[in-house]
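Let me begin by handing over the structure; questions about it come next.
Letters are used for the chains, namely A, B, C and D, taken in the order the chains are written, and counting of residues starts over at 1 for each.
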Amino acid sequence: MNMQAVEAATRESAPVLTLEGITKTFPGVRALSEVGLDLYPGQVTALVGENGAGKSTIVKILTGIYQPDGGRIRLDGQDVHFPTAQHATTAGITAIHQETVLFDELSVAENIFLGHAPRGRFGLIDTARMQRDARALLERIGARLDPALPLKELGIANRHLVAIARALSVEARVVVMDEPTAALSQKEIEELYELVERLKAEGRAILFISHKFDEIFRIADRYTVFRDGELVGHGAMADVDESELVRLMVGRSVDQIFPQRVSAPGPEVLRVEGYSHPTEFDDISFTLRRGEILGFYGLVGAGRSELMQALFGVTRPSRGAVHLDDAPHAIRTPADAIEAGIVYVPEDRGLQGAVRGLPIFQNVTLPSLRETSRRGFLRMAEEFALTRRYTDRLELRAAALDQDVAELSGGNQQKVVIAKWLATKPRVIILDEPTKGIDIGSKAAVHAFMAELAAEGLAVIMVSSEIPEILGMSDRVIVMREGRMAAELEGEALTPETLVRHAAGIGEGG
Amino acid sequence: MSLAERATIPDRLNSRLQRAATSWELLLFLVAVAIFIANSFASPYFLNAWNLSDATFNFTEKALIAFAMALLIISGEIDLSVASIIALASTAMGAAVQLGAGTPVLVFVGLATGLACGAFNGALVTRLGLPSIVVTIGTMSLFRGISYIVLGDGAYRGYPASFSYFGQGYVFWVVSFELVLFALFALTYYVVLHRTNFGRAIFAIGNNPTAALFSGLRVRRIKFVLFLLTGLMSGIAAICLTARLGSTRPSIGFGWELEVVTMVVLGGVNILGGSGSIPGVVIAAFVMGLVTFGLGLLNVPGIVMSIFIGLLLIGVIALPRLWTIARTR
Amino acid sequence: MAFLKSREAILAGAILLLLALIAWRFPGFVAPDNLARVFNDTSPLILLALGQMAVILTRCIDLSVAANLALTGMVCAMVNAAAPGLPVPVIIAMALALGALMGAVNGLLVWTLAIPPIVVTLGTMTIYRGIIFVISDGQWVNSHEMSDAFKALPRAELLGLPVLSWIALVVVALFALLIVRTPLGRAFYAVGGNPGAAVYAGLNVGRTQFWAFTLSGTLAGLTGYLWVSRYAVAYVDIASGFELEVVAACVIGGISIAGGAGTVTGVVLGALFLGIIKNALPVVNVSPFYQLAISGGAIIIAVAFNARASRSRGRVILKSAEHAS
Amino acid sequence: QDDVRIALVVKALGIGFFEAAAEGAEQAAEELGNVEIIYTGPTDTTAEGQIEVINSLIAQQVDAIAISANDPDAVAPALQRAMQRGITVISWDSGVAPEGREMHLNPSSNPLIGRTIIQLAADHLPEGGQVALLSATTTSTNQNIWIEEMNKVMGDYPDIEVVGTVYGDDLADKSYREAQGLMQTYPDLDAIIAPTSVGIVAAAQAVVDAGKVGEVNVTGLGLPSEMAGAIESGASRSFAIWNPIDLGYAATMLAYNLATDAAEAGPGAEVGMGRLGNATLDDNNEAAMAEPFTYDASNIDQFKDIF
């Protein structure tokens, strides 16, 4: 395989696709500034960078979903412009997006061919041929699925396979894969690697986005690194090693980002026993102590968020018990959880965290209205005072406290959500991907703050998919895989290798 | 970063006055004033206290429902069965009259029927998790249908004389009982929506029900209460309307649900939930009342007036958007 | 069998049960010619419900269909009264065009100005109705003012069925083809089911909604002519309130009001369900005053039932849970 | 001298019958010289709609209101207020409860109408047979009174059996469907009596569509202009109606005479109706205009273009 890579590198033809000076800003965030990217036929280019570095944004730009604010895209040296996704597909660019972009009510085959289904007589969709083609595509990636099945019958992993098949359903010269292996099992991942090799051999250019270094080193020929929306390096894989890539990605060495803290866990606050859910997770048990940071690691889709939401009372477990200070506690709604002192900073900030459309101060006081009001009547002055107490401490950046949260940058929205929960004076705080999509500065602030909270005696659960964050912050780590506890690691056993092994299920005799 | 470097964030960016100057309510108020002036030029009969008082009957009952409906729509739900609740509540009161009930009992029956209908809608939406627009299209047929089953082509009449006060009485001079009720409820709903925790929760739920739930709000319970309130206000409207008409037929209040929704949307409430205000709804009620009364004085048929209302409804929403589109071109 | 568990099969079962119940009191109702009559009577509802289905699939709603029908019908009748010599196909073409135009106005307001569909169609509903009054001056167009050819078309018989029924059958077939076998039809589902993802798939959400409204308007226009010629009368209030019956037929037929789910079979069955009840009540001597309450109850039961059937199962992370339940 | 402003309030605008009545009102106005007619009404037949119209008429300080009511009780309070403000109020065609008007003008007397509609059916059924009734809206009282009066004289027609009554709500499509249902339920039906101008047209259309011309005779009360086709096709042999032009004329005359204090309403009083003579009020302050007139193939052409 290495031979092939070298061969491809020496072929060194002109790039098929070139991006130059691409800039993209969202309200409050500059996602990309003047970045470039070259993709070569028959080669895999790995795009690496931390969460929020702008990787998915560039994918969306070159597939016509976002329009860049500046810069140019060239295909075979010709300037091109993709006003819609359809245009990009027609030009031969196809992508497996990070979010699943599928349709529950359509069949597997229709999901694969939506927008470019084979046509028969009178321009009607040729259903029979579509199903045949879909079956062939699915077999090519090693998925044995009935193409006629409605998508809603499939679970998370199979949906991912459908998304991959969809990307391969067009005659593409450029194939983009945005974290394609995140939700797949080891066997499926192997099949995907084979597929990538075949695509390479067919002369297609591949852009491969992944946070897993082992796989990058295994399949990529070239690399491009983004940091905070800027291009910080590119070249041939053969010329870099892992530590060099990390240095490019992070811009400093890993251990410096995280606050130094001495862990001195106090008495147990929370004990979870045999927590189970019919479809999402099974048999989860753990304990949590005062002043402790407990990390939850796993691949995306391992079910950590679902577990945390059940602990917070959003969904009901089918079995299991929660003990607070050794006393059994029934948590049926989030209101119960807040009452008991458990709060949850959700992963999906836009949907579950911030109430966009309401001003900052109203977001912060939402769960604490009982404190700021008198006999059910609002007292705005108290609300502003309470809000200010926590936003000052979190160093929130905003124009005014009555500004709509939707106008804030991602990191500042996250601070508002955290402030909201701290204002309730909780005993257990669950942070689900607390630094996802926020800039490096805010990230460090959140980490420092987390350490501070733990030092003050708060019990912290941190869900994260970033190994450095997990290693840098946690006293103890629970690894989840496919809805189950795969391991509980601490001290010496806590290394990147053990985390990945348990999360991916490698080396367990199967 | 030191404290000195960090500018403290002010509480408010714009003063309340600045906000009021750019508000929807002000725009609507200007529209109302314009219509008022136009009317007084168009008809010599317009500027007359008694006539204006009569004109308020065109909207007071609908506005009573519109207040509760505004809260419901801000929370992201809708109730299309309100006019049918009027029919059912009126039928129940009529049946009570036949059994010899007096005015206090009638009022109780009207309110109780409204509450029961609201509870029924609320339970279907919040307990079974059904979409409110469909549920209330169903109960819209169901409630009025029950009135038809009870009454057929008959009518209930013979309401006690004291009962007619709710629809025909005057508190002093030209100020009718209904107008007083309208003012009292406008104030009450203003306080509830804009000055209490409950009102804050309604806005939060309407903007993002998931985040509201995650913030510990009892979303389903609050929505249920809002359906109850809407039913209750429909019951109150039923009492006023029945007292004004002095009889009950199953077709009573037919088509009012759309006028109520129109009033709420015209008042600046976002039909998709999350924003709106009671002052807006109050002004919208006056605008609709003035338009219908003014055109009525010119003997313009009701259906032609509805063209104006329809244009107003689309126009007031479309114009600002057209404006932004034109500006960004 | 998956089909036996589907909404459509259950609805079909409910209809058969209903027919059996009626036949038990009044056997004549299930005679083939009477069933054909009921179908004929339900045809306008079917036509409008199909258009409404397209709109609801894309997460919109069209409350203006009945007003569109009435306005188109009035224009057809007035044109016919003024120019009796104008051939019927020309009138039909005009009805289709006028209906499409009104639908397109709704669609454009939704697409370009992003005004919520319920507000748009609430507004155009009153505007279209008002226009009928303005152009007709409130006058009726009566049977004797219409030409014979104008009135003959829907009631002419072909192989034992009135043309009205045939039109409904043909439109159902064409519409099913459109929904199942054309990119636009599939786009309705995609756009309503997951608008965010539809953009990734290269679909234009607003434009797809525009076409759904135009389709709904076109069918309303066609039905406008058929309605007026069948009942041989046109006035301001025809089909008033019919829009809710149309939405009801869709909901009973299993079209999800949240968009993206439902079938043509379901809609046709939903419309037939309402049509059978409407026609059966006078026959089985139940007072027609029961009709409203019965259809209201049917809507509530249907929507509760559909919601149970389509409750989301979450993400299904546990492999063992994938094909269970 | 100022014009006397008389408002002719109808059940709903756009109905042929009321348009004809408005024409009669204009004739009266012309004859009287100093009268201005305001022809108005809601767009659909609801009491609430009529109340809004009445309120705006009160505001305009008209001299008299002559109303055909959608609901006898519901409009009464508004009309009472009109009377308190000095406006003369009479009802015609479809009445208002006594406290809400000074007098009521029946187009004809109820017993006469009741007998006429059954006679029309019997005329063409020498051997007797089955007849059914297709009534109008659920909120209009006169249909029910006429049917009641008809039932009182059924003893005179022993061979005729009334098999059922259905309601078409004065909606063309509903009436059509109900008529279809009647023919379905009673295969031996001989006649449909529809004492409503909307229902009779729809029933005739249903009979034609069912291919039962000659078998089922449609009769009742209708307008010549709307029924001309049915007479021609044979679906209806004959029908009756009072002259709506005369009705509008008479109502206007009565309103004028009461408003100008030329006469006063009260039991036994005589009030002038211009060319139609005098109306004599009964104990309920009601009066009848004339008996219904029967139209058939022999005279339809003469009237169909008039109203």
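Simple rule for what comes next: a residue touches a chain if its C-beta (ideal position, glycine included) is under 8 Å from a C-beta of that chain, and two chains touch if they have at least 3 such contacts.
Just so it is clear, the model here is predicted, and its values are computed rather than measured.
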Going only through chains that touch each other, how many steps at minimum separate chain A from chain D? 2
If you tally the C-beta contacts, which comes out ahead, C-D or A-C? A-C
Look at all chain centres (mean of CA atoms) and spot the one farthest from the centre of chain A. D
Euclidean distance of C-alpha centroids - chain B vs chain D, Å: 37
Chain-centre distance (mean CA atoms) for chain A and chain C, in whole Å, is 43
CA centroids of chain B and chain C: separation to the nearest Å works out as 30
Multi-chain contacts in chain A: which residues touch at least two other chains? none
Any chance you could list the residues of chain B touching two or more other chains? 148, 152-153, 250, 301, 303
Shared-contact residues (touching 2 or more other chains) in chain D: 13, 43, 138, 167
Chain-to-chain touches, reported pairwise for every pair that qualifies: A-B, A-C, B-C, B-D, C-D
Give the list of chain A residues in touch with chain C in this complex. 63-65, 84-89, 97, 99-106, 110, 114-115, 117, 123-125, 127, 152-158, 277-282, 301-303, 306, 315, 482-484
Chain A touches which residues of chain B in the complex? 1, 6, 8-13, 195-201, 203-204, 207-208, 210-218, 274-275
Residues on chain A engaged by chain B in the complex (per definition of touch): 312, 314, 333-335, 337-338, 344, 346, 351-358, 361-362, 366-367, 369-370, 373, 376-378, 384, 388, 391-392, 395-396, 398-403, 420
If you look only at chain D, which of its residues touch chain C in the complex? 12-16, 19, 43-44, 138, 166-167, 171-173, 176-178, 180-182, 184-185, 201-202, 205, 209, 225-226, 228-230, 304
Residues of chain C touching chain A in the complex: 177, 180-183, 186-187, 189-190, 193-194, 196-204, 260-261, 313-319, 321-323
